[in-house]
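Multiple structures are listed underneath, in structure tokens.
Below, chain A partners chain B and then partners chain C, in two separate complexes.
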Partner chain A sequence: MLGLEKKDFRLLLIVIGLTLFAPFLLNPFPEGSELAQFNAGYPDLMQRFVIFGIFAIGFNILFGLTGYLSFGHAAFLGVGSYAAVWMFKLLSMNVLPAIFLSVIIAGLFSLIIGYVSLRRSGIYFSILTLAFAQMSFALAYSVLTPITGGETGLQLALSDPRIFGEAQTATGNIPVPALFGLEMRSSLEWDVGGWLFTFNAGYYLAAFFMIVAFYLAIRIFRSPFGMMLRAIKSNQTRMAYTGLNARPYTLAAFVISGMYAGLAGGLMASMDPLAGAERMQWTASGEVVLMTILGGAGTLIGPVLGAGMIKYFENIFSKINSTILHDWFAFLPDGLEDIVVAMIYPFIGKGWHLTLGIMFMLVVIFLPGGLVQGGQKLAGLFSRKKAEDNTKSSATEPAE
Partner chain B sequence: MDQFILQILNGLDKGSAYALIALGLTLIFGTLGVVNFAHGALFMLGAFVAVTLSKILTLSHKVVDETRTDFLGNPLQVDVPYVYDFFGEGVGDLLIDWSVPLSILAAIPIMIAIGFIMERGLIKHFYKRPHADQILVTFGLAIVIQEIVKYFYGANPIPTPAPEAFVGSFDFGVLLGFDPNAIIYPYWRLVYFFFSMIIIAGVFAFLQFTTFGMVVRAGMADRETVGILGIDIDKRFTMMFGIAAAVAGLAGVMYAPINSPNYHMGMDFLVLSFVVVVVGGMGSLPGAVAAGFLLGILESFASMSAVIDLLPGINQIIIYLVAIIILLTRPRGLMGRKGVMEE
Partner chain C sequence: MGILEVKGINKRFGGLQALGDVNLSVAENTTHAIIGPNGAGKSTLLNVLVGKLIPDSGSVMFDGQSVLGRKPHEINQMGISRVFQTPEIFADLTVMENVMIPCFAKRDGAFRMHAIESIFSEKSIRQQADAILDDVNMTEKSNMLASSLSRGDKRRLEMAMCLVQDPKLLLLDEPTAGMARADTQNTIALLKEIRAKRGITMAIIEHDMNVVFSLAERITVLAQGTPLVEDIPEKIKGHPKVREAYLGEAQV
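Now for the complex of A and B:
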């Protein structure tokens, strides 16, 4: 179906199902219950899941397939956001031209940076991409203030031209991003029993783009082009001996993943029409590296899982404070309760980065294939034959 | 002319910090072949050794001073540091005042121990893994160290003053025959520069003139042959990791008065230090030091107002710009050797 093998098609269907029913799946606990704080089914977080999913899928096309570790990918996301916000300012509040332009601009930007950076490989490539991204960040933060808004970030204003749309609404407010009149922030709420499910327009738009992005990623993974990229990772020298030039392939992969980042940036701006320089900082680039590795570099579903996991931690795990912990362990005797809480406390709430760091280290040390490999190992415990199949498809050793 | 000298001086202290961190990074890379992204965290830990020591020295207990009263008329409670009890007030004050230089003594064993634990406990297992894995695991370690420090010391910068004797600035201009106040330079930065020169000279002398250093250099050139000759090179390299950690830690200790330590200072320096190492040439010690000073000085020149007027924003990007140009024109960096980190 759709030019996919049966197995891949099933994976695609699973992803489509998960994203469509996410408002249900992420809200398993009724409102007002003890566990309601673990619900992630609110629009803002769901949007972030899919947008960072797109970002990580794109990063994985570069890192997972070719093994080139870019430490500056957030720059493309930032450029995409700026492009989208400029479209909102100049053209109209329709999100489609904004997203389209952000993909194009990010693609062009990554073409330039990739053309230069890909002259080197290994750590030199990482440092070059890092240097370019930090330069973009520094410039966006200072000199390019007329274009980027500098420290305050790029924001919409009532005085913007918006030649194809309205500069301001009838009530004198700044209009909100919309898809042919369907506002991105509008939601349908469905109250069933104790549960409250929110179906957000912006989320479904982003989810649609993520499914398309995921489908394209599968096609790339299974195409002869994807095979070339894997060849670059496993042995570039041998590839050169067979008369193939690796450069165009890596550049194409770099530009594709840059465009994915641009798409993510454009969507981010569509959900909330703001763009700041901090989106381009190297810590943001580090985050997408974390997501991809944590989920499983070189696997199809891994980056999406990693992105979801990190965003879930960032938003849900970080809210747990010591009072909530005391509530949980209230059944323990007093002295023991304090000890248990004191032991757990550094790892949750504000300390979630610590948990993330430890988890990331454990994954890199024991599961180079990420959580996907972990899942496969678990599955392999139950059926031996299946494990043999899986190890073939998930060999992920980043090349130099 | 005075502006020129001033900018060179300004570049020296930042350049010394870059040079020291880059030196440690290169030591680790040259000996063990590991790309250590946690090196910035070691620099930060050094700064926090200074913070901790000054906290310990000012640890105090309350004593009721009968001669004075507070605004309610009760006898005044005064905080008396424990060091006063042990050494008397004069020596105690001196110790508190000199806590940052004193931290050097504490930092050397602590940092060497941390380096040992890191190498034996974690990095040892990554020699045979790809460089990308080494980068990732040390990056994770850096996050963990950073978060632990944040947990204990909070997220705010902690001011750690230099000794009283070094507060204030030195008027260089008078020395060179310019107007007074034309070139003034804080004493502590001067101290930092000389300190880093001593450390750099010490590391080079250690490698050049001791038997241990000779073995290490031989191991850097050809690890296998040294192993065949019956020398346990792994043990020496572990020692070198400890020394590299100590160099980063000392750089951090002395940097504490220049910039109040906070938990992410290591990451801020790390990115630049990697750029410095790559510009200097992976695996080249003199290259790392030279590139550190070069980039530090270039950075301060770029922030001169005349330059900024000409090329706005250049001060923000100069280091990266230079790195890109050098990497593209001299692929091995300034003094890189052939065959290091090349496919």
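Now for the complex of A and C:
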């Protein structure tokens, strides 16, 4: 189907299903209930899930297949964001040209950085990309202020030309990003029983792009090009003595993953039309590395899972504060309650990084293949049990 | 005029003269062995031929074209394949993928952006790969990871990867080094079969005299970076200069 093997097509269908029904799946708890704070089905967070999913899928094409660990991919995301905001300022508030330009600009930018960085491999490559990203960050933060808005970031203004659109709305406000009139922030809300489900236009646009991005990633993974990339990771010596030039292959992978990052950046700016230099900082580059490794580098679905996991922790765990903890453990005797809360407190709220860090260590040590490997192990456990049960039941019992 | 013509190659590493005025001519459709004691410059010469090292002076002509200054992948595209002392294969890929990659390299050149087509749609590549795996008796292992193969199978896989490209010259760097006697005999048989069936010109660097004398049609003896003699095996066996070179080593 669609040029995919059966197994891959099923995976694609699962991803399409999950993204379409995410507003339901992420809101399992009724409004106003104790557990409602674990609901993640609000537009802002759902958008972040799919946008960072795209970012991680693209990163995985480079890191997962070729093994080249880029520590500067946030630079392409940032460049994509700036390009999109500039389109909003100059052209119109339609998101399509903005997203298109962010992909192109990020692609060109990654071509330059990749061309230089890929002269080296291993740790030297990582350091080169890191240096480029930090240079871009520093430039965006200070020297290039006229283009990037410097510290305050790049924002829309009433005085922007927007030659194909309106500079300001009838009420004198700055217009909002839209797809042919459909505003990205507009949402359909469905109140049913105690539940509130939100269907956001921006989320579904981003989800559409993620599904396309995921589909293309599967095609790349299964193509001769993808096989060459895995060959590069496996043995560069044999690669050269087989008559293959590794450089253009790695550069192509680098540019493709840079374009994915640009797409993510453009979508980010389309959801909220501003871009800041902090999007290019090394912590942001590190985050996508964590996402990919946490989910499972080199697997198809892993990076999406990793991105979802980290964004969920960042937005949900960080909101739990000590008052909520005291509420939860109110049933315990007073002294014990305080002790339990004091023990858990460092791992929630602002301490969510600690929880994430521990989880990351556990995954890297026990599941080097990431969450995907964890899932496979679980599935293997169950199927083995089933098989054992079958053999047991079919074995003839000795008569007593 | 041989298919490979090496003329006046010199290579120095600091104070060490690794190769001094090496001349070598490998005739088409022969098996040419290069032997010599340790440190004679055999590996250095091989690395010059495949583009890994650039000599200080001299010329290397292959099939009428100069090899010097070209990168290893360009030299491979000219028709020189190399088998390594320890098999270099794509360990993380399956046996089938290992032989498909050289097929793609042969058909599409050093780089081609085929990122959207599926591997499964490449019928002719698949057929070539199937045929060569059948030739080396590895069909039933085609879905195994290359890293899980035995050492002998890795050697055969590497040989298959080179043969599927149908090279004009096959360079073998101690193909039986570290092998058990039975594996060595198998490798000799495999190489003889390749020679008989495909008529590929081969240049072998080898320590094991048994291997050399059962395969080679011409032998060049290197010592201290310079060719001592070049002749047919029967003449090399009792040659006083060769004895001197090897006995000299034995006394040290």
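Assume the second predicted complex is superposed on the first by the 383 of 400 C-alpha atoms of A that agree within 3 Å, B and C clash if a C-alpha of one lies under 4 Å from a C-alpha of the other, contacts with A are read in each partner's own complex, and residues count from 1 in each chain.
We take it that a residue touches a chain if its C-beta (ideal position, glycine included) is under 8 Å from a C-beta of that chain, and two chains touch if they have at least 3 such contacts.
It should be emphasised that the depicted structure is a prediction, and the values quoted were computed from it without experimental measurement.
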item	value
Which of chain B and chain C A:195 touches, first, second, both or neither	neither
First (chain B), second (chain C), both or neither touched by A:29	neither
Partner chain in contact with A:237 - chain B first, chain C second, else both or neither	both
Touching partner for A:120 - first (chain B), second (chain C), both, neither	first
Touching partner for A:293 - first (chain B), second (chain C), both, neither	first
Partner chain(s) touched by A:42 [first = chain B, second = chain C, both, neither]	neither
Contacts of A:313 with chain B and chain C, given as first, second, both or neither	neither
Greater residue coverage of chain A in the superposed arrangement, chain B or chain C	B
Chain B versus chain C as contact partner of A:329, first or second or both or neither	neither
Touched partner set for A:5, first chain B, second chain C, both or neither	second
Common interface positions of chain A, toward chain B and toward chain C	237
Chain C partner contacts - residues on chain A that touch it in the complex	3-5, 216, 219-220, 222-228, 230-231, 233-235, 237-245, 248-249, 252, 256
Residues of chain A defined as touching chain B within the complex	67, 69, 116, 119-124, 126-128, 130-132, 134-135, 138-139, 141-144, 236-237, 282-283, 286, 289, 293, 346, 351, 353-354, 356-358, 360-361, 364-365, 368, 397-400
Chain A-facing residues of chain C, complex	50, 71-74, 76-77, 81-82, 84, 88-93, 97, 100-102, 104-106, 109-120, 122, 161, 165
Interface residues, chain B side, partner chain A - complex	35, 122, 125, 129-133, 135-137, 139-141, 143-144, 146-148, 150-151, 267, 271, 274-275, 278, 282, 312-313, 316-317, 320-321, 323-324, 327-328, 331, 341-343
